[in-house]
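Chain nomenclature is as follows: A, B, C and D, assigned in order of appearance, with residue numbering initiated at 1 for each chain independently.
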């Protein structure tokens, strides 16, 4: 019987090693897999390349992973944040690398990675410094830049519901990058608040089919980043 | 108030003119918008380029549109069909043009058309006669062919549910090409069996958001292609 | 230039822009003053708001007890979903943007050039943390780009220029600029002032602009 | 070659292939004999079937009164959905294929070459109506491609060849061939026979093949 459940966040991230590329779901705190990120801090691999829209906030979750110096490179669209100095400080000190990618190009590069499309053309960034060194081509009278797909060794995601096959639904705008990251990672690890029986999710409303998911771990009451930040929590404490 | 309803299939297709490019939803009969196709036959524009996975069956729906000599070119992946000689006869007589596109490349070219991606690379067709005349590039040691997006003036689609904004759900495998065609057409026309109030479709389960839909026409009991074919129906009779 | 005259305030700028949002539009509003546009769309018009993090049919800010930290807008603030809304993932959301499905985007700006070039993501300063978000996707993909901005920076320099100094967000993308002083169309001829804020003279606006203005008021 | 010996029949060919489908696989089955593989997967294994028209978790053919003409497989025949199934659109379905998410695809063939080239879509005849469907996407994207085919055509010509005459579906894509006579791996050395049908001799198979076979039985 197919059963993708694992017993704990620690077990779920146990094979993430130094130098891995890790996609982390979430846009701000919506969809951020805090418990998986904290397990990754406990486990401790370094020299990670992390792909996320942002760089976390406060001193928990993704910001804590960066603060713990496990991340050598961030690929993201918006590394500045109102309530974290973790990334900016390391970046100004030259201690972390940044690949800045516009948000839509980031989503599409990840989707391409999952869909077996090695490269595509887009008009986004034409006329800006971000096209530097990239191939530009005129198609039907408009200029486009060639962008390459993004893949990862692991994806860490948060879902609303999951079944043993790995079928997923999400909560509102927590969906954001998760469906495309699930497709683009070799090993997709999902924390879910609600593990349900196979068949309990109507096939019409499955957002991420189980084929894209490798491991499911139940986290009943996931922490909220904003609450932890407001409380001044620092991980590891 | 936004209200995309129109009163009849005839009104829905009234501005489709000679030479239009028309995407038609459906894989076989699943998702085939028969009533819209019959309205298009009644309206009578010719020299159409039609994009569909197949070429219809029997003498109704898409096959009838072709038989009525309104279609000068088909773009599809599988023009042969067990129960129709309409396309094969015209094709052998040199009376209709065919652009043969593998099914996945067809879906992706349409999705690209809707997503503002003018071209992308894919490994599908490498080593086959279908790459003739196309650009091939080696990326990370594998050969890929450059494929261009497909757009259309109109899409004719069939949905299960729709609301006045044009939010759609589909019935099982009738979903097939509809969501990507809705994105890729300038004017997307949808026949629906169930018009529901705005808000009756849970925002989590909307498959095609209303932004991609221009016109909704209610067809309560849509005809089934296989039933019409079995009954020997010919349209127009 | 010491003689400061008050034009439209932030609310009035948003209100003025809202007049130009037609009925039935799909609209994306940037962070800051652009967000305020929604509350001023004239009665009788229905406008659908897109937020690029994955919601079409964004509604107003809910009461604190109705907020869900996972129902937020692109500025990461709590929002609601109207009846008839839809959630979707980021690739689908930016397909809407890149594929020219959004009718209007209203953005803030650091600089706008007379040919419609927009700079709103970086001052280009060496120690700045570059951050672009969805701005480059929006200006490349949305059919019509409006900018709402103060006419001048806090230190009085011009934001409307012959040519932008800062790195661009997009080339020749802005159609119209709403400032505290005027409404200005961007045309092949350059900046055309089509409306002045109450008690603002054309010459006063021209003095505060680093490009030639054409008076079409 | 008149002396025809009966090897495996169609059901047995499907049954033999089914033995090689591991537990927990995601599998796409082509039209014809490959479809039959599903019913022979050994007990105790759970396999998830993908049909490229938009369903993961395809179940068996339902009773006529339970059929929905809009719940069909890629061969356009009525199917069912298992508990835990998911529907999706064509672009997502072929993302699964093209993105190497499907583990095994079992297809029919017109010709297979000793380097794994597959021809299964066109005889190349001038009056043929070309039709490719999803075959080229499947062979380009699925991790492992198995072929089930009669060893010879009805007129006795070889289908396993040094080089395909017909237009290719894909280059060097086939891993293993299940025929009525043998199970044959495709390796760098060429065709390796790993199993013979009951009462079939290696030489008999060699005579009916237009390429050198290596005996690994």
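In this section, a residue touches a chain if its C-beta (ideal position, glycine included) is under 8 Å from a C-beta of that chain, and two chains touch if they have at least 3 such contacts.
These numbers were taken from a predicted model, which means no experiment stands behind them.
S.K.: Please find the path from chain C to chain D through touching chains that uses the fewest steps, and give that number.
M.R.: Minimum step count, chain C to chain D: 2.
S.K.: When contacts are scored as defined above, which chain pair ends up with more C-beta pairs, A-C or A-D?
M.R.: Per the contact counts, A-C leads.
S.K.: Quick check: how many Å separate the C-alpha centres of chain A and chain C?
M.R.: Whole-Å distance between the two chain centres: 29.
S.K.: With chain centres taken as the means of their Cα atoms, state the distance from chain B to chain C in Å.
M.R.: Each chain's C-alpha centroid was found; their separation is 37 Å.
S.K.: Spell out, as numbers or ranges, the residues of chain B touching 2 or more other chains.
M.R.: 108, 111, 115-117, 122-123, 170, 172, 203-204, 207
S.K.: Where in chain C do residues touch at least two different other chains?
M.R.: 55, 81, 87-88, 91, 94-95, 97-98, 141
S.K.: Pull out all the chain pairs that touch, please.
M.R.: Once each pair is checked, the touching ones are A-B, A-C, A-D, B-C, B-D.
S.K.: Where on chain C is chain B touching in the complex?
M.R.: 23-24, 26, 46, 48, 50, 55-57, 81-88, 91, 94-102, 141
S.K.: Can you list the chain B residues touching chain C in their complex?
M.R.: It comes out as residues 1-2, 111, 113-117, 163-165, 167, 183, 197-199, 201, 203-204, 206, 209-212.
S.K.: Touching residues of chain B toward chain D in the complex: what are they?
M.R.: Going through chain B, the ones touching chain D are 27-31, 53, 77-80, 87-88, 91-92, 98, 100, 102-108, 110-111, 122-130, 170-180, 207, 224-226.
S.K.: Could you please specify the touching residues of chain B with respect to chain A in the complex?
M.R.: Of all residues in chain B, those touching chain A are 108, 112, 115-123, 139-140, 142, 144, 148, 169-170, 172, 202-205, 207.
S.K.: In their complex, what parts of chain D are in touch with chain B?
M.R.: 51-55, 68-72, 76, 81, 87-91, 93-94, 97-98, 117, 127, 129-137, 140-141, 167-172
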